[in-house]
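Each of the next two complexes has chain A plus one other chain: chain B in the first, chain C in the second.
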Partner chain A sequence: MSLLRVRGLTKEFGDLVAVDDVDFDVADGEFVSILGPSGSGKSTVLRMVAGFEEPTEGEIALDDVEIVGSPPFERDVNMVFQDLALFPHLTVAENIGYGLKQSGVPADERRERTERMLEMVRLEGYGDRTPTELSGGEQQRVALARALVNEPALVLFDEPLSSLDRKLRQHMQSELQRIQVETETTFLYVTHDQEVALAVSDRLVVLDDGEIQQVGTVEELYEEPASRFVADFIGDVNAVEGRVTAVDDGTIGLDVDGGEVSIPRDAAVEDLAVDDAVDVCIRPFQVRVEPTDVDDSAGDALVAGEFSTTGVVRSRSYQGSDSQYGIETDRWGRLSAEVRSAAFDVDDRVTVAWDAADVHVYRRDGEEPADDRDGGS
Partner chain B sequence: MAESPRSDDERVSPSGDGETVAGTDREVATDGGTASGVDGRVSDLTTFLRERPRLRTLSIAGPPYGILLFFFAIPLLAMLVVSFQADRIGGAWTLRNYTGFLTSETYLTVVWRTFLISVQVTAIVAGVGYGLAYSIVRFSRRTTLLLLLVILPFWTSYIIRMYAWINILQSDGVLDSTLNLAGLPALSLLYTDTAVLIGFTYVWLPLAVLPFYASLTNLDGDLIEASKDLGAGPIRTFLSVTLPMTINGVITGIVLVFIPTFGSFITPRLLGGTNNIMIGMVIENQFKSAFNWPFGAAIGIVISVVVVVLLVLATRLGGGLFGAGGETS
Partner chain C sequence: MSAVDRVTAPFERFAQAHASRMATVVIVAVLAFLWLPIAVLVFMSFADGGVLSFPPDQLTLRWYRVFLSNDAALDAIVTTLTISIPATGISVALSTMIAYAVDRYVFPGRSWLQLLATLPIIVPLVVTGIAMVLFFNGTLGLPDYVSVVIAHVIRTIPFATLVILPTFMSFDRRLEEASKDLGADEFETFRQVTLPNVFPGIVAGGLLAFTLSFNEFVYTYFVKGSGDPTLPVYIWNQIRYNVTPEVNVISVVFLAVAVSMVLAAVSLTRVDLIARR
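Right after this comes the complex of A and B.
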């Protein structure tokens, strides 16, 4: 059963469509992230769920009850704000107890629940301090406790971790996961930081330009990105420009950087027609690099479900356990490859290979289909 | 390059010598060797003062403190001295001015009346002003224009504005004729307490709106949202977040209104008529009609003390730090 159900959610600010016909669900106990670049409308979605913005159109149901139109203070939802919005004139304990006080919880119970929350976020004994006396990470914990103490059906996060340094952020991520499991609360987390989103979420909603690009688990988004945007946004990707030269039952012929290649039909995520401009995408970690003496790229075809080409290493950088190589290939332009081996040097000649099954082809952003076969629907 | 400083020296002939001598001594001046005469002199002065921090502090802070001392502290001291003299300046030393004032039921009634009116005016101005400032901050895009409109009345003389209110409030004035046209009975508000309240509210409103506005703009809108998110409705949010977060501005505004109202004599005299005496009018009377300056001075001192005590209490209440002058109008 879905706890939060969003259908056809649209928000217009004047002529600007900030959120465009968005549908998604959040199941009870799930950790869902809305991931998108700044200006993608993700915060607006969150603010509509919280009740700070009224949708232009669409439905938001919490526990099967429509909540559009009800004010924020009547929604069983609490938010952790981007700048945390801790009350500077109240102590830590008063901040955490604020929501309980509003709902008329007696002082004794309030104190007890606040204490328990302070324990949960590992801030025992901090109750009498003021927020300004705490470090950034401690303030995050207070903000989290202030939302959780009310035992809301859903906790919303508006990129609260973005102000922390990397190490603290990673620590807070695992803390978030621990607390989510312990409290059995449902989290809806908004961020532009794919690292955070991939690390913490059960499922992701990828938003761009107000529209949903894809909804799925981390693995689904990474391995089967539904659009070039998702491929680019979740992890790194090599994108080679090409043009469709032929489409038949099993394969698509492509003109890539001057060379002709053919790829399996199911590599194309969308329907393609001859003359469509496309991006051929392959993840750097799926590219294999081997030493070679071969001088030309005659073997640049699809052999046994695998592409291979030759090229010259142009750059390399060590990234801990992996090395990243920039390789100028003979047929596929410049590719980046992430491999275990640190054996190659700049100017080495290498063979580059990858499985055809790992290739994804997308029509180029902003370009219309070559014919209007989609016009009918 | 070599010629330009020389020609500068020739232009600023009399002080030029001293300047060049100083200039060769100091690094700053040699660095800026191509500087014009005026710039060179300024940099010399800066260097001179940098090496004498005490003189520098004095030259910056001296003039304002001098003005305060000369036009405020000394007159106040003179007033204090005079208030202990009998009947006239230079009269025999006495406490009679104080005892006479503090034991007179008539005068104390006037003080109490003044206090009540000041409290009413302050309450009205604070309420209206806060609402006005709040709406300017939260609901308006034309903030600058609206603030300009708020302070616009200051461009006209206080007295002229009071006479305008006489015109509006008097029998058969603008207000009554308008009511007449609408078929409503005339109010004849002039020379009543209501008229005094209206006049004060109008005059002091900008004084309160500005500090209210300043503190409200500094209020983080996210705090309001956080409060609502945590289940507090608009009224609870106002009382537990908005008001506490802006309390310093509120107290500043209240002090700025309360103090001048307490000492005011023009507005009550012009709009309030003879039955609506305030203590400021009594003081004015002692100086201008009764010519009993010592007695007027004594009342002034008492009122100042009362106002200072109230000011301290107000500051304590808000727990804020601000320096509002205890000036009476």
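Right after this comes the complex of A and C.
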């Protein structure tokens, strides 16, 4: 049974549909992220769960009890705000104890539980300071402790880590995971940052334009993205334009700018018909780069029946163990490749290839115009 | 090197060489311009002798003793307080409501309200003074006391609003959401979160309003007409008919009240409190 059940959740602001018929579940003890670009409605979903916004339509059930219509102070959820919203006129300990005070917990017990929380977030001895005396990372911990001390059924996060620098953010991510496991609490985390979401979540809800694009584990979203949008949003992706030439039981035939390639049928999530325009998507890390002797860019140099083309290295960047190359290909425009080898230089001619088994194919029906993104963001 | 450069270069060199000394000179000159007359006044309050002559023959506390035994002056202080205290209370209440409305709600005429509440600052005092006599005393026929309290409220609202409004604007309303999220209902949220955060600004607005009202002369002089004078009107009458160094003493009392109120207001609206979100 799920702890949080959201069904048909819709929120309209005037003519704008911010959240459109959203369904998802969060199981007890799970860490679920709602991931989407800004304006996708993810924060609105969170604020409806917290009780700051009233849904136009739909149900939100916590522990099988409908909570739509009940005020925020009666819901068994606590939120870590984007800008943290620590009380500036109270000390760190008073901030953390605020929720306990509201629910009438006696002062002794309050002090003890606040102390325990400070320990949990590794801020022992900080209780008497004011929030402004703390660093950004320390303030995050106070906000987290303030939400957790009440032992809510569900803790909501509205992108609280977005203001931190990369290193601190990564540290706080692992802290979040540790604390979630230690407290056995359920976390619902909203972010536009796929890196954070991939790192911390058990499952992801991908939202775009108020609608759910896909719900699944990190692996599912990365390996089997349901749409070009998800493929683009979760990790980098190269897209090659193509047209369907044949569909049979096991394979789909594609014309990719003069070359005929056949791919496994299950590379396409939706049913395709002959003549459909499609995007053939491939992850940069699945692209191979090899040195080539072929000097001219004539079509006959291309290997038939495979995803293979020649090109010129236009950019490269070292990313630790991998190198990322931007390659201007003769057939498919600019592609990006992530390979172990650092052997290639700008202006080198190379052969670029990948396996037909690794691609994903999506119909282009005008919902997301191809903009030849090379995956860099 | 152009002709102009040849002329200006020596000045530039001088300015560069003596930049910090020149800055000091300018600051001292400006402060002297602002405060020297007041310093002389404070000094003269200790002067012996019956006329406003400088320099004094010797220094004395005589005029302070005279002031403290002068029933008319003390009565004037009491009269002032009976006007200023209620006027301050009403002014702060109205200014807080105006600030709250302008900050929280979007309503027709919102910008007009903000403008009208603060505009009286630039209307010449004499104009408003005459208008008030015409309206409150003439048209409405209100008693002097009521008229003068209303006049003081009108005089102080713009300033109190200008002090209180930023407090509301800088108050982060997410704090109210956080409070409700943590289980406090609307009333508890107002009591435990909103009020403590905006209170210093309201008190500062009140102190400023009180200082202005305590010092208010023009409206009072027009509206109050005869009857017990307030302290500023009393001083005016003294200077007109009977100049004694006691007036200097009363002025020093004024100065002390005004400066301490403003300092209290400044310390309450500590810059760091407003700066942090």
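Note that in this section the second predicted complex is superposed on the first by the 322 of 377 C-alpha atoms of A that agree within 3 Å, B and C clash if a C-alpha of one lies under 4 Å from a C-alpha of the other, contacts with A are read in each partner's own complex, and residues count from 1 in each chain.
In the analysis below, contacts are C-beta pairs under 8 Å (C-beta built on N, C-alpha and C of every residue); 3 or more make two chains touch, one makes a residue touch a chain.
Nothing here was measured: the structure is a model prediction, and the numbers come from that model.
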{"item": "Room on chain A for both chain B and chain C (clash or fit)", "value": "clash"}
{"item": "Partner chain(s) touched by A:R228 [first = chain B, second = chain C, both, neither]", "value": "neither"}
{"item": "Partner chain in contact with A:T132 - chain B first, chain C second, else both or neither", "value": "second"}
{"item": "First (chain B), second (chain C), both or neither touched by A:D83", "value": "both"}
{"item": "First (chain B), second (chain C), both or neither touched by A:K42", "value": "neither"}
{"item": "Touched partner set for A:P72, first chain B, second chain C, both or neither", "value": "both"}
{"item": "First (chain B), second (chain C), both or neither touched by A:R203", "value": "neither"}
{"item": "Segment of chain B that clashes with chain C, given the candidates 8-16, 134-142 or 170-178", "value": "134-142"}
{"item": "Footprint overlap on chain A, comparing chain B with chain C", "value": "50-52, 71-73, 77-79, 81, 83, 85-89, 98-99, 102-103, 146, 150"}
{"item": "Chain A residues touching chain B - in the complex, by the definition given at the top", "value": "50-52, 71-73, 77-79, 81-83, 85-89, 98-99, 102-103, 146, 150"}
{"item": "For the chain C and chain A complex, residues of the former touching the latter", "value": "172, 174-175, 177-185, 188, 192-193, 196-197, 272-273, 276-277"}
{"item": "Residue ranges of chain A touching chain C (in the complex, touch as defined)", "value": "50-52, 71-73, 77-79, 81, 83, 85-89, 98-99, 102-103, 132, 146, 150"}
{"item": "In the complex with chain A, residue positions of chain B that touch it", "value": "220, 222-223, 225-233, 236, 240-241, 244-245"}
